[in-house]
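Both complexes below contain subunit A, partnered by subunit B and then by subunit C.
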Partner chain A sequence: MQLKKSQSIKQKLALASSALLLATPSISAEKKEAKITDVDKIGISQLYYTEEERVTVNKTQVLINKEINESNLVKFNYVYDTMSGASPNGRIYSVISDDNSITYTTASGSANTVANNSSGEGIEAWKTSFEDTRKAYNAEWEHEFFRTFKGVVGGGYSTENDYESKTFSGKFLLDVNQRRTTVTAGMSVSLDTVSPFGGVPEGSSVLTCHEFAAFRPTWLECDNIKTIFAPGDKVVKDYLIGVTQVWNRRTLMQFNFAFSTEDGYLTDPYKQVSLVSSELDGGELAVLHEKRPDTRNTQSLFYKVIHVPTDKIGLRGSYRLYWDDWGVIAHTFNSHIRYDLLSKVYVQAHGRLHWQGAADFFQPYVGADSGSLYHSSSRPNIISADSRLGELANITAGIKLGIKINKDSNASIRIEKLQTRYDNKLLPQLETLITQFNLYFKF
Partner chain B sequence: MASGCEILIETSSKSIAKKITSIAQNEAMRIEHKFSRYKKNNIVYQINSANGEKVSVDDETARLLDYASHCYELSNGLFDITSGVLREVWKFDGSSNIPNEKEVDAILPRIGWDKVNWKNKTLKMQPGMQIDFGGLGKEYAVDRTASLIKNKYETPALINYGGDISVTSPRQNGRPWEIGLQNPDNTQSAIAKVELFKGGVATSGDLNRYLVKNNIRYTHILNPKTGWPIDRAPRQVTVLADTCIDAGMLSTFAILQGENAESFLAQQNVESRIIY
Partner chain C sequence: MIKIKIIITALLTTFILSSCAYEPVKPWHRDVLSKEMAQLIPDPLENESDEHIYFSKEAAKGGQGVGGGGCGCN
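So, the complex of A and B:
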């Protein structure tokens, strides 16, 4: 029952029907002009992400979209990921270690990690093998009040060894201007608890002192080190208003203003600050826990343009301006160029520039000697040496290759080079290779 | 049209909406009167009751017959407008009334476009044979209506005759028309969403038109060569194409391919959805 010359049946039919309908035959049935998408979707994705010598993430995600009826859609999302690796913890090893490395802390805390780090035994100690797992559940209900007005409410719960987060969110989407313009307003509240092994340390308290240090600042209490542990709770409220504008069939723009307030324990329990003394040739006299303010107010403006100049090329560019009352200001430029090599294969180039200024209370270490840089004559109240709060610039360049396996499944591989330069000369310039592999299957 | 007819018009002018609706209504009625096999004194009746005599036809009927003839060739004889006589033994009412082989075999000599003498706008058929535009009439009406509206108005409109759809242009905001694809197991819900900027969409299948015997489901899509339903045919095939009639033919051809429907559509490189 094989049809004749299957390949050209569509074209032959088009010729025959143009004769029937007395119309000019259309040359190509542009497939992009029309598509069929599932209403109920079950998707599974697997992502493997690695930053050379730093972080490895293995993420499995299940998505279910269920349309209850025309005006109600429910979405469920489950994420399971494992993370391993290391990230800078704020202490200074560069001064005493041979290889000029900075110290690292593990992804997030197990007992091992904290103990090994606090002993300051050197580079190998912080390389203790480590794995944390995260499970996250999200549910969302989308309701169409009328054709141009929709509301979405959602809830989420996620848990790791040492972290728990509950999120509630809601937003409205209103289409105006013949549905060319969508106005969005939303907010979310999240209640987070960080509970490392034993609890969170009291901010700016002493973690460890050098045994042989003859000279100690008067405020440094090394004889009776008493770390107070408690769970750290915080409440984060995010607000967003945005406008999405369809400029024409090929161009879309988006503008958002977002602000948030954070209250509670905002300190990172795994970050530390070195107290440095000239008596130890610039080595660590003591190590303090960092301490951040217990409120933070952030704002950001975001602008994005998506432009599709031809059917084969897609361009995406965005700029974000961020500032907060910790004194951090940041600019981020992001761009993607996508090109369809074949009907099922595309390449995408990615470039990103990010610059941020330091938080007011950031300092790379505390100087013990009077007159030294970063000297403090009393126990610092608010302090952090977390490089993420220091002045830094990031440049990312990368390329992604995507393949459509079939109608509903795709795979992609992404390779990117990330270069980080810190203003703080004690921190080395970092070159990181990021590789990501993603598989998505839909039923 | 033996089905619901719907037309969506995107305009704030009541008078334009009325005019477009009357264009659609007039054209649908005209085509139904002219080509329905249930009417008397139309060209189809004349052909089917010619009893072996030659019948000359008008231009439009000739174009439809030419198109049907192309479809017969392109489907290697599987799409045949003379196969309607099989309805004399096959009653697709969801029951278990399967005809026996003798009954079916007795019908076969009266089927076959290749036995029809069709040239110079003249058709000559053996007595007992019949033609039926049921397999393409609705799609033809949809495309005709869309093109009549398009020639006169820039107003975006969607024409839907019983699930066979054509649009005249994208929506006013430049976005596609969104059309739900009915779930055959639950006709109250959509299983997928079709986005259409232009052209047409058609769905073929055996929803409510099948027979079941010994747990075998017999689709109403019959193989004109054997007189029996297509083996392992998909329950429903939806295709998007430049015109509704192309979409309709491609979805019908796909079902006629039985279990090879999917690879057939993949070769045609059309946007489609198959439900088994």
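So, the complex of A and C:
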């Protein structure tokens, strides 16, 4: 009996040893994979973004992740964007009922604007008239206080011809529940300054008045046009709490709640609103600058799930519910499906669907005549015709091909098409092509 | 409309497939979740680009993290 018990213990010990030996490669694999993914890595990216007859962006990006020692990791990220083209400024330049045309303004940074060109010739002019650049630098330091507790601090600086942003951020990550659960809490502060050409205009003030004085509403101050003021500043504070949970051997989930406060100059100095009159068959009487509220409070709930049903297939899906006190509500679904064709080659399909409702103060134009659509009997206090604050749907579909060059490097290329559908019928559907090439290697 | 239906179906399929039973996973059973395809952000360059693109085109923002810096694009 005693002998039998002894054998049983031996068997158990043998089984435990075997299990440990079998488990060891998994742990090693985990560490090895994590190293390739996160540390001592350089990433280089080139992105080409082009909107049909609007904006073109060339973006070069470099990231460097370097492990200083077992407890410290630093990350650097550099972005260089060149932008050219034009984007809608919210203004209507022709008869609304007969023509779906819209005016274009040059992108930020250009002194040459077509905003006052009501003939439509400006649409040709913008194609060659503007160029802006953006440089952004970000750095992060990750420190492991102990095995289950990490802190990350970071800073960023970005600059354009007419815009500057400084960001400071910090977060903590705490592993609990045998490291199956990670709790995250973080915040960041951004200090931004916009210095547009011509100065920051007074919100909802008159930019220009056309003729037809007889049709002007009494509140329109065509003799008191104000445009030049000091640069506009804003402070954006973002907060986030989240939980990442290992659900089972093949499934990982993440839940985040984020909220932010924005204070200061939140108006877009390049956006305008047309004042139109039915006496002119919907033609433009005057142009106003837009004006947004000076504060904004946003919230979002974010859920992401990662599932690896087989060794060759990886699924990643997320949903975000966003709402703010400007009246915007948005739903965003995002999904990636990866399939490993060969040991060194994979393809990945991407689908994204975003729908948003309009901000409370969004309207495509102001009606000058009582009884007309979007009529205002006084100078609008808060108003924007920026299509990005209107109701819209963004639909993205794309494909990516990835190749593992060797054990220390990989490359990928993706091509995606983004379709934007505006509820505002004055804006035509917009097609955008996104192409990106990425290369990662260890050093 | 057909495109929207296809995308919604694909997204729902993703969620349904992932709704498996909870099981306490030991550290030595995380080989699958250590794969690159199972990372929360497997391609940070692509993620940064997408965040910037959609931030400049939509009224909604954030949800995944904090910071990243502002721009004159929105």
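Going forward, the second predicted complex is superposed on the first by the 355 of 443 C-alpha atoms of A that agree within 3 Å, B and C clash if a C-alpha of one lies under 4 Å from a C-alpha of the other, contacts with A are read in each partner's own complex, and residues count from 1 in each chain.
Simple rule for what comes next: a contact is a pair of C-beta atoms (placed from the backbone, for glycine too) under 8 Å apart; a residue touches a chain by one contact, two chains touch by 3 or more.
Remember, predicted model here, so these are calculated numbers, not experimental data.
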Checklist entry - Should A:N72 be classified as contacting the first partner (subunit B), the second (subunit C), both, or neither? => result neither
Checklist entry - Looking at subunit A, does subunit B or subunit C touch a larger number of its residues? => result C
Next on the checklist: Quick one: is A:A397 in contact with subunit B, with subunit C, with both, or with neither? Answer first, second, both or neither.
Outcome noted: second
Checklist entry - Where does A:V246 make contact in the superposed view: on subunit B (first), on subunit C (second), on both, or on neither? => result both
Checklist entry - Looking at the overlay, does A:R180 come into contact with subunit B only (first), subunit C only (second), both, or neither? => result both
Item to check | First (subunit B), second (subunit C), both or neither touched by A:T60 | outcome: neither
Checklist entry - Between subunit B (first) and subunit C (second), which, if any, makes contact with A:Q356: first, second, both or neither? => result second
Next on the checklist: In the overlaid three-chain picture, which partner chain does A:Q429 touch, first (subunit B) or second (subunit C), both, or neither?
Outcome noted: neither
Checklist entry - Where does A:N381 make contact in the superposed view: on subunit B (first), on subunit C (second), on both, or on neither? => result neither
Checklist outcome for this item: Both partners, subunit B and subunit C, contact subunit A at residues 23, 26, 29, 33-34, 36-37, 178-180, 246, 248-249
Checklist outcome for this item: Touching subunit B in the complex, subunit A uses residues 1-4, 6-7, 9-10, 12-14, 16-17, 19-23, 26, 29, 31, 33-40, 67, 69-70, 178-180, 246, 248-249, 343
Item to check | In the complex, subunit A residues that touch subunit C | outcome: 23-24, 26-27, 29-30, 33-34, 36-37, 43-45, 47, 49, 59, 61, 63, 77, 79, 108, 134, 136, 138, 154, 156-158, 160, 162-163, 165-169, 171, 178-180, 186-188, 190, 192, 194, 236, 238-240, 244, 246-254, 256, 258, 260, 268, 298, 300-302, 304-309, 311, 314-317, 320, 322, 324, 326, 328, 330, 332-335, 337-338, 340, 346, 349, 351-354, 356, 359, 388-389, 392-395, 397, 412, 414, 418-420, 434, 436, 438
Checklist entry - Can you name the residues of subunit C that touch subunit A in the complex? => result 3-4, 6-8, 10-11, 14-15, 17-18, 20-40, 42-46, 48-49, 53-54, 57-72, 74
Item to check | For the subunit B and subunit A complex, residues of the former touching the latter | outcome: 63-64, 66-67, 70-71, 73-76, 78, 140, 143-144, 147, 170-176, 180-181, 188-199, 201, 223, 238, 240-243, 245-246, 249-250, 253, 256-258, 260, 264, 267-273
